[in-house]
Amino acid sequence: MERVIGESKKSFMTGNEAAAWACLAAGADIMFGYPITPQNEIMHYWTRMAPKYGKGFLQTEDELSAGFTVCGGVQSGKKAFTATAGPGNVLMQEPFGMAEAMRLPLLAIIQQRGGPSSGTVVYSQQEVSLTTYGGNGEGHRIVYSTSTHQEIFDYIIKGFNTAWKFRFPVFILGDGYQAKMREPLEMYDPESRGIKMEEAYPLIGLGGKIGQDRGPSHLCNIYSLEEELYEVITKVQAEYDALAPQITEYDEKFCEDADIILVTHGVVSRAADDAVKALRAQGIKAGYFRPITLRPFPQQELRAAIAKSGAKKLLIAESAIGQLERLVKQEIYGETVKIETLFMPGVGIIESDLIDKVKSVL
Amino acid sequence: MAVQAIPKSWYLPSKPHKFCPGCGHGIVLKALGEVIDELEIQDQVIFGCDIGCSLLSWNFFACDSTQTHHGRTTPVMVGIKRSRPELVCVGYMGDGGGYSIGSQHLLNSAVRNEKVTLILVNNTNYGMTGGQMAPTTLPGQKTETSPYGRDPELTGYPTMGPEFIAQLTPDSAYVARATVSKYKQLKKYIKSALRNQMEGNGFSFVEVLSTCPTNWRTNAQQTWNFLEDEMEKYFPVGELKTPFGKGDK
Amino acid sequence: MIFTFEENSRIVEAYIGEYASGKSEMAINRALELSNQGRRVTLVDLDTVEPFYTLRPIKNQLEKLNLNVISSSREDSFGLGETGAMLIPRARWALRNEGDIILDIGYGVFGAQTLNLVEDIDQTPELKVIAVLNASRPMTNSLDRILEYVEGLGRVDAIVANTHMGDETTPEIISAGNEIIVEAARILQLPIIYVAIVEELKDSNVNNFGLPVKYIKRHMPAAMW
C-alpha cells in the first residue's frame, strides 16, 4: 500500500481534515457523499487529495444515493465510505439497513448536528440513538464515539479494519465541534505503527468463469418466509454477540474508590476528564467512565466499575436528552446504583457544568 | 448458430421462474439472457434487481447479482460501476421503482451519464403489492388505488420515461422504448444498451412495455390487445437516442 | 503634527490561508494593532464557506476593543441553518467604510478570487494580499506543498510565517516549520512581512531568520473553533 503520510509527524488541523487524511492513510478507495454541514470539509479535502492518489469520488444526488453507492462500492470489493450528519444521517439509515442485512463493511463518518429536523448546523450528541439502532433492524453495527482529532484519525483506520475483518458496517461518531475545532494530532501510515490493514474483497464480480470455476454469487436481503429471516437474524445476532468482546472499547479512570461515576461519551468526555480531576483535587471522589464503542456497549466493564467502586451514583451527562442514558440503562439493567443526569441538548458541556452538577447531587 | 431454447446465462436451479403466467418479465429476461450469451459477458455482468415483481429475477441469471431496495437499484449499480469500471452493470426495475420512488436516482444518473445499463419494465401498475396505480397507469385505467379509473386531473398523466431521459442525456447515451410484442426489436435494443456501456459511451436505458394479466384481470387475447392497442399507442416504441447511427422507429 | 503620506493613507490588507493556518488570528491581531495606534479599523469576515464558524462567536468581544466588525451575527443567522456560501451585504461594501480595512478570507479552492466579492477591490491600489502559512498543516508541510498551495491561491503579495501547533506550540516547531516557509518564499520571490510568534513564547529562543517578528495574542480559542 502506498504510504501517504510518510514520516509520522504532528499536524495542526480541523477534525474534518483529520478524517479525510485518515481515510487516505487507511487505504480507502472511493468516497460517495452529499454536502451537509458540519461534515463538508471531509469531502473538500478528499476531493483535493483523491486524484493525486488515484482515489475515487462521486457527489451523489442525495444521501440515499450516497449510502447506496457506498453499498455498491463495498459489494464490488472496494473500501468505500461516506460522511454525513443530521437529516443526512436519517436518510442514510435506509442504505445502512441494507449494509446490516448484507453484512457490507462500509464506513460512515457522522458529524452530529442539532436536531430534530434541520436543527442546527453546529453541534449535538443527538444522533446516538439513530446511529446505534437506526433503521428497521437490530443495530448490527459498530459505533465508535471519538473525542479528539487523534481519535478521529486512529479510529477511522481501526474502523476500516473492524469493518472488513468482521463484516459489519462501522460508524465513526463525531460532532460539529470535533469537525471544526483545530488541534494537533500525529498522523501516520498504519504500517509504520505495525498496523496491518485488512484486505478488501469482492462479494460480487468475483472473477473466474461461472459454471466452471464457481457458481454465481447471488446477494440477498429479502426473504419470503418469516422463518428464513428469523434464522438469518438470529445467526447474525449470535455472531455479533460473540465478537462483541473483541470489539468493545472503553476508558475508565479513578473508579476504584469513586462515590460518583461520570458516564459521558465523545467530546463531552473531555470535560468529564477535567471535571473528575478538579473534583478529586477538592476531595470529592469522582470517577470517570467513557464508552468508546456505543455499539457494542462495554456493559460488563461498566458493571465492573460500579461494583468495584461501590459508587452510589452515576452521573450521565450528554448534549442530548437521554440518548446515552437509555443505552446505559438497557445495558446495566438490574444495577441499583442511582442515576443522575445532566442533559444539555444541542449545546456543549464544560467542566464547570459537570462540577456544579456533581456537587448538587452529592 | 443453433438456437438455444434456454440461454446459457440463465441460472437453471431457479427455473421454472416464478413470474405469473402471461407476465412479460420472462420475455425481457430471455432477451437479456440471449444478449449476455451473444456478447459473452456472463462473467462480467453484475445484475441488480429492484423491489417489486422485478425482484423475482434476483437469482434468474448465472451471473453475480444483488438485491437492493425499492428504487435504489440505480445508485447501487452506479456505486459498483464507479468502483469497478470493468464490470458490466445491469439494473433491472419496474415503473414504480424507476419513475416513482427512485426517480431522483434515475434522473441524476442520466444527467451524469453514468455508464450503466438500466432496463425498466413498464406494465402500468404496481404488480407485487397488489395492482396499485403506477406513474405509467394510463388515463382511465382502473387499478386498486384508482378504482374509478386514473383521472389525470387528480393524478397527472403517465410518465414518459425515455422521452424525459433523452432530454437529460448527451449524445453518447442510449435511450429506447421496446415492447415484449416485438421480440427481435426488444433484443436488439437491449444489446445496444449493453454495448453502449461496454464501449464506455454512457448511460443506457431501455423501457420495455410489458404485460400483467394477473393485475389487469385479462385473458390472453385481452392482454395482448391492451399491450398493442392501448399501451403501444400511448407509449411510442423506438430508439430515442443512439450513438450507433440511425435509429429505427 | 505632520502627517506623512504613509500615515495618512488607508491600509487595506486581506489575510488568506487554510483552516487553522492562523489567518483569522493574524487579521484580528493586525486590526487591534492598528486600532491601538488610534486608527479607525474595520475587520471583515469573508469566510464564505462556513461563515458562522469563524468570527461570529467573538464578534462582541472584538467590538468592545473598538473594532468595527463585519461578520455574521446570531441575528443574521436566525432560521438560516445551513448557511452555505453566504455573503452579508455589509461585507460586500466593506471598502466604503472609513479607515483601514482588514479582510479575513476563508479557506477554499478559490483562494484570493474570493476578493472579487468585495465591491471596488479592483480599484484599491493599497490592497495587500497576505498569505498566512503554517507548516504544521498537512497541505503546507513541505516545500513542494507550500509552492503548490501558494501558486493555487492566485494573487499573493506577501507571506506571514505562522508555523504553530495550537496549545502545543514550541520554539522548535516554529523554527523548523518556518525554515521551509522561508525557502518557499525565496523561490516564490515573495516577501515575508513577519514571523508570528505567540506572546507566551516571547522570551524563548525562536529562530526568526533575520525577519521582523510579531508577537501574537490568541483570540480565536474563545471562538471554540
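Per-chain residue numbering starts at 1, and chain names A, B and C are given in the order in which the chains are listed.
Simple rule for what comes next: contacts are C-beta pairs under 8 Å (C-beta built on N, C-alpha and C of every residue); 3 or more make two chains touch, one makes a residue touch a chain.
Predicted model, so just to flag it, every value in this text is computed and none were measured.
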Key: Core chain by centroid distance, with centroids computed from Cα atoms only   = A
Key: Interface with the most contact pairs, given as the two chains involved   = A-B
Message = Measuring between Cα centroids, what's the chain most distant from subunit B?
response = C
Ask   = What is the distance, in whole Å, between the centres of subunit A and subunit C, each centre taken as the mean of its C-alpha atoms?
value = 35
Key: Chain centre separation (subunit A, subunit B; CA means) in Å   = 39
Inquiry  = Could you work out how far the Cα centre of subunit B sits from that of subunit C, in whole Å?
reply    = 57
Query = Which residues, counting only subunit C, touch subunit A once they are in their complex?
reply = 19-20, 49-50, 52-53, 81-83, 108-109, 134, 136-139, 141, 164-168, 173, 224-225
Note = Per the touch rule above, subunit A residues touching subunit B in the complex are 29-30, 32, 56, 58, 60-62, 64-73, 75-78, 80, 94-95, 97-98, 102, 202-211, 215-222
Request  = Could you please specify the touching residues of subunit A with respect to subunit C in the complex?
outcome  = 9-14, 17, 21, 36-38, 40-41, 44, 48, 118-122, 177, 180-184, 187, 348
Request  = Give every residue of subunit B touching subunit A within the complex, in rising order.
outcome  = 11, 42-44, 46, 48, 51, 55, 58-59, 61-69, 72, 74-84, 87, 104-105, 107-109
